[in-house]
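Look for chain A in each of the two complexes below; its partner is chain B in the first and chain C in the second.
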Partner chain A sequence: MPIAVYRLLVLGITTLVVVAPLSLVIYQSFLTAPFFDPSAKVGLLAYSFVLADPDFWQAFWTTIVIAGGMAAIAVPLGAVLAFLMVRTDVPGRRYLEPMILIPIFVSAVVIAFGYVVAIGPVGILSTLAKDLLGFVPWNLYSLLALILIAGLTHVPHVYLYSAAALRGLSTDLEEAARVSGANPFRVALSVSLPMILPAILFAGVLVFFLGFELFGLPLVLGDPQDLLVLSTYLFKLTNKLGVPSYQLMAVVVVAIIAITAPLVFMQRMLLRQAQRYVSVRGKGLKTQPLPLHRWRWVAFAGIILWLFVTVVVPISGITLRSFVVTWGEGVRLLDVLTLDHYRELTDYPNVVRGIFNTLGIGVIGGAVAVACYTAIALAVHRWNSGWTRLVDYLVMVPRAMPGLVAGLALLWVFLFVPFLSPLKSTMVSIWLAYSIVWLAYGMRLVSGTLLQVAPELEEAARTAGASDLRVKRDVTVPLIKYGMLASWLLVFLIFVREYSTGIYLLGPGTEVIGSLLVSLWGTGAVDLVSALSVVNVVMIGVGLAVAVRLGVRLHG
Partner chain B sequence: MRHVISAIFIATALALGSAAHAQAPQGYPADYAKIVDAAKKEGKVVISSTTDAVAANPLIKDFEALYPGIKVEYSDLNSTELYNRFIAEAAANNGTADVIWSSAMDLQVKLVADGHAAAYASPEIKALPKWAVWKDSAYGTTYEPITFVYNKRLVPEGDVPKDHTDLLKLLNAKTDFYKGKITAYDPERSGVGYLFCNADIKDFPQAWDLFKAMGKAQAKLYTSAGAMMERVTSGEHLIAYGVFGSYALGRSKKDPNLGIILPKDYTMVTSRVAFISKQAKNPNAGKLFLDYILSKRGQEIIANKADLYSLRSDVDGEATIKSVTQLIGDKARPVPIDQTLLENLDQAKRLAFLSKWQQAKKGQ
Partner chain C sequence: MAELIVKDVALRLGDNEILKDVSISVPSGQVVALLGPSGSGKTTLLRAIAGLETPHQGSIAIGNTMFFDAARGIELPAEQRGLGLVFQSYALWPHRTVFDNVAYGLKLRRVSAEEIKTRVEKTLSQIGLAHLAARYPHQLSGGQQQRVAIARALVQEPRTILADEPMSSLDPALAESVMELLREINQQDGITVITSLHVLALAKTYGRRVIALRGGRIVHDGPPESLDAGASERIFGPTQ
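Then we have the complex of A and B:
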């Protein structure tokens, strides 16, 4: 097969897979009824309804406030954290690094459930505080708390990009500053951070963008205070008219895309700029970390405090809940301990299936997804053509759709494309949805590895007479084997964690832990939710441990 | 391992089952055996339901024991997702689940009214209350009182409301004590909540006063009974207004701190509605399952194992029409399964209600 055919094929399939669900959503938004309803007509009725709904605007502004607040918290903290970890002598950096990334890999619904149990109005820590102080000094169900939690859990995203940028920079300038007598604080503020400003900006836009995708946190924490963001407004919308209304949901999705698409575009611009900036790089000698002296332990305590609030509190909360019958004011926890919730898990055939399916989608699905991402990355690898730009944009498109909606659009695709419909209630549908939603992430992982392959070896093979495809198969792929393995692990973690994409595809045979959690939370089976959450966290913990053991860098 | 054993069991059952011809259950028409035979050929029944799997499990196991060779494929979804999936599947025209069994009575009636149900007169019709059967298509299967639940640890004995008027008085008298401590379904976000509110407006002249009092007490509104009960048992809230008695009963067995009240002035009673889909792939097995959950045998499990409350007057137990009548006499108000439920889905009416509700929520 000539390489052109291969490229065309890959390009064609990718375009189809990415564009079909999205165009279905856009088409649906211009109809007056579900697209399969014979009475559906083309019109702007859905737009006028949504745009006239005060709840929509309230959700819209709340989303903006949350996204902005999140970025305002996560960006400075993440940048400082990166500086501390990469440049200074904070104790225990080697052990802290994997822990810092935990919030990325733990499902937001799990974190949210954990917070309710730990620091909700009668949570375990709240009752403790009430006993000591006579009142609870925080209120979990407030906009402020939601922003704070969202911000703190997104610190690692900023950290990742800032740390990567810092690592790519030589330390000459910082050392110069140090020699001239600047203290570490001054070095960070006046030298290091300004140098990685493009990367920080990029991360800021990313976090703001992620704010629009937030679903698990507002679903759980916003419920009792009637707080809506755009993604949870979608839920409310289904009920407003009594019957679920796809066309209104589609309009909200289009509204979300209208905001996220420019953000994705902006991210690209910033990324390119960041790379240009960093191109003045030098390898630099291995240098001594900046000594913090007495601030060393203060910085350490700060990091530990942040980890305690974002990781330890929610995860211990949900774990505790999974071992007790009841909790709250006036309950002695020792009296109510139980293992029943775990035993109950096996009573539900769908939960048992869900656990196995989740492992399957992580291990097998992750591997197949990485194979697909590699196929796409290889198609554009060393291809000097405008088409590669198209692919770059193409893989970004699904990022603009929240997972919840991507799942719904795929359900429609699977229902109405005749040869696909037998696959609807199999894990294939879930796999396809996950792979599409995480396309951009996976592509970044794989192309990151490809970038490390120097052209000499490939050129050598070509000179020896190998065809383009042969070069890819026998030279490039073996060279990136380790990188693919690492990507597989990371995709495993992401797939096991994912919760929103599978919600609309959930049915017998397609249960995964993430969507089961949301669905069970809806029916109020909190006992099961907590036990299942712990199972999920354990899976992710094992995956993370393996990754750390193998020395996988936990980022692309 | 369990799967292997059950697979062997099913295989043996299949072998035995095909050897002998099926018998019609007692009191059923003689030609019912034909349905049973056809159902066995179909080999399975697919059920789409809002009843969670744990409650349904004893029913499924008993059904599979009664009709060896017919496997139950059961999936539980929330009512909106169930409706969404069903209409999409029906429109795609390549088959739906066989039995649709949902607690969203209005959406179920709409599906039947829209022609999605296959008409089938169950041999059990005579044993069912009149309000529970519509057009020989939609069948009520349970008798679930809508209750108040409260935290026995934290609600003072004298405060426990006996009926709706009591609750209204309590909220007006001790507004501060109960500030943020009352919880109810959110009619804006939950179809069930909307259904409940409208039933209250019909049955209780002071309904809007009660809603306003709840607004003044800054009631917290949820979309699921489970979330409400979790927070009542933890003490975050103290009294939950309008909780399915079935769920409350199940929960109170695990956690004795949960008190249940069937309001003495009137108690709304809802029923899970089941119908056989017109596009069922296994219509005969679907008929068997529907008849089974309506039968005395099925209803006994509904009453005593699933805690869903039986609607047959010949069934005894804690969760039955009999036990409810013992508690509140003739004050039960079952929601009839018929076209009046469609009014719930009237958009203009709905939007009008919601704007009035938003006022009430502010205590105005």
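Then we have the complex of A and C:
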């Protein structure tokens, strides 16, 4: 097959898969009823309804406040954390880094449940605090707590980009500041952080964007106080009119995409700027970290405190809750210990299916997704054409759709296209939704690996007589196989922790742990939710351990 | 006699004009040293001949085979030009053994396994590395890797071998042996060798003909003896 045919094929399929759900959402938003309703007409009725709904505006402004608050907390903390980890002699840096990244890989909904059972009104730590102080000094169900938790759990996102930028920055610049008399704090403020400002800004925009994607935390922590954000408003809208209100949901989806799409493209611009800064390199000599002297233990304590609040509290809370019959004031731990919740998991066939499906979607689905991402990346690899820019933008489009939205759009595609309908109740629908949602991420992983293949290795094959496709088969793919393996592990972790994308596709046969957790939480089955959350955390933990053991860079 | 003819070739990379109206004619069996300072266009010229860069003007042909002609819209893909190219960085595939690196082009041409074995072994013997056939590139020294890169080009029995700075990564003794090898190949098999170099003395020693580039233009073309002080100044600029 000539390379042109291969490229055309890959481009065509990618365009179809990305554009079809989006087009359907936009089309649905201009209908007066769900698209399958014969009475549906083209009109702006749905827009009038949603834009006149005070709940929509409350959700909109709350989302803005939460997203802004998250960025205000995560950006400075993430940037400082990156400086401490990359440039200074904070103790135990090697062991701290995988731990810092845990909040990225653990499902937000699990973290939210963890906070509820740990520091909720009758949470394990709350009852302890009440025993000691006579009152609970915090209120989990408040906007402030939601912002604080969302901000702290998104510190790793800023850390990742800031740390990568710092690693690419010449240490000569910092050393020049040091010999000029700057202490580490001054070096950070006057040289390191300003030099990586584009990367920090990029991460800030990313966190603000993720604020719009937030679903698990506001669903669990915001619901008891009737606090809606756009994603939970969309979720509640499903049954607002008592009948499927797809046209209203489509309007909300269009509103979300109208805000997130410019943010994604702004990120792209900032990333280009960030890379320009990173190109300022020295001779690449290994240098000594900046000595913090007595402050190194203070910095270490600060990092541990953050890890305690964002990782230890929720995960230990949910773990402990999964091993007790009940919890509340006056309950003694030893009296209530049990393994029954784990036994109960096996009593529910849908839960058992959910566990196996989750493993399947991670292992098999992840591998197939990486193969697809590789096929796309190879199609544009070394292709000097304007079409590559189109692909760049195309793969970013799903990124502007939060998982919940993408799942909904895919559901509609399966309902809208008759010959696809039988796939709706199979894991293919979940796999497709996950693969589309994480297309940009997967492409970044594979493209990063492809960048490491020196062009002359491929050129040597061409001069030896190999066609373009043969070069890819014989040289490029064998050379990136370890990178593909690493990508597979990272995609496994992402697929296993995913929860919002599968919600609308959840049905008999398509159960996955993430969407089951959301569904079970709605029924108040805290015991099952706790045990299932721990199962999910263990899966992710094993995946993370394998990845770290194999030396996979968790930041992709 | 097959002859390489490069005619009025101009090539732009972005906004930079790398080659400007370059014309050379190399008779079969000649050893040509392409000389010039860094950035003069030597590598780009070799890559254009090999088909790895596309000029926007001019033509390139060997004998009756037109490789490239901008005016007539002809561009033969690199894999169909039948040239041997030795990369400056060797470009040995790390996931293939020495034998497999050398055999690769033959396999693509569907040469029988038996013949591949014979030809690869013969070529590896010719460069003195038959005993290292089962090794991987990272298990070889720099000089050995360079020889494998030459063997990979040589095994396909090309009419012309293009070598990009084959000595730049080697110490003087190894570099000399590699150049001797290229000279032997030329003398025994009559293969045309065009090699880029950036040191005048080496060009004088190993080239039967020296073509010098500066700023993308040919500034000298003649036998090594013609490289006097004036020529040196034209190529490298005035010495301080």
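Keep this in mind: the second predicted complex is superposed on the first by the 551 of 556 C-alpha atoms of A that agree within 3 Å, B and C clash if a C-alpha of one lies under 4 Å from a C-alpha of the other, contacts with A are read in each partner's own complex, and residues count from 1 in each chain.
The rule is short, and it goes like this: a residue touches a chain if its C-beta (ideal position, glycine included) is under 8 Å from a C-beta of that chain, and two chains touch if they have at least 3 such contacts.
A quick note: this is a predicted structure, and the numbers were derived from the prediction, not measured.
Contact with chain C, but none with chain B, is seen for A:D474 once the two complexes are overlaid on the shared chain. Contacts of A:A4 after superposition on the shared chain: neither chain B nor chain C is touched. In the overlay built on the shared chain, the residue A:L334 is in contact with neither chain B nor chain C. Greater residue coverage of chain A by touch, when chain B is weighed against chain C, goes to B. After overlaying the two complexes on the shared chain, residue contacts for A:G465 are found with chain C alone; chain B is out of touch.
Once the two complexes are laid over each other on the shared chain, residue contacts for A:A52 go to neither chain B nor chain C.
When the two structures are aligned on the shared chain, A:L457 is found in touch with chain C, with no touch to chain B.
Of all the residues in chain B, the ones that touch chain A in their complex are 46, 50, 52-54, 57, 73-78, 80-81, 83-85, 87-89, 91-92, 94, 106-107, 110, 153-154, 180, 186, 188-191, 194, 220-231, 233-236, 247, 254-255, 257, 344-347, 350-351, 354.
The touching residues of chain A, when paired with chain C in their complex, are 454, 456-457, 459-467, 470, 474-475, 478-479.
By the touch rule above, chain C contacts chain A in their complex via residues 50-52, 77-85, 87, 89, 91-95, 104-105, 108-109, 152-153, 156. Of all residues in chain A, those touching chain B in their complex are 34, 36-37, 120-122, 223-226, 235-236, 238-244, 246, 325-331, 344, 347-351, 411-412, 415-416, 418, 421, 503-504, 506-508, 519-526.
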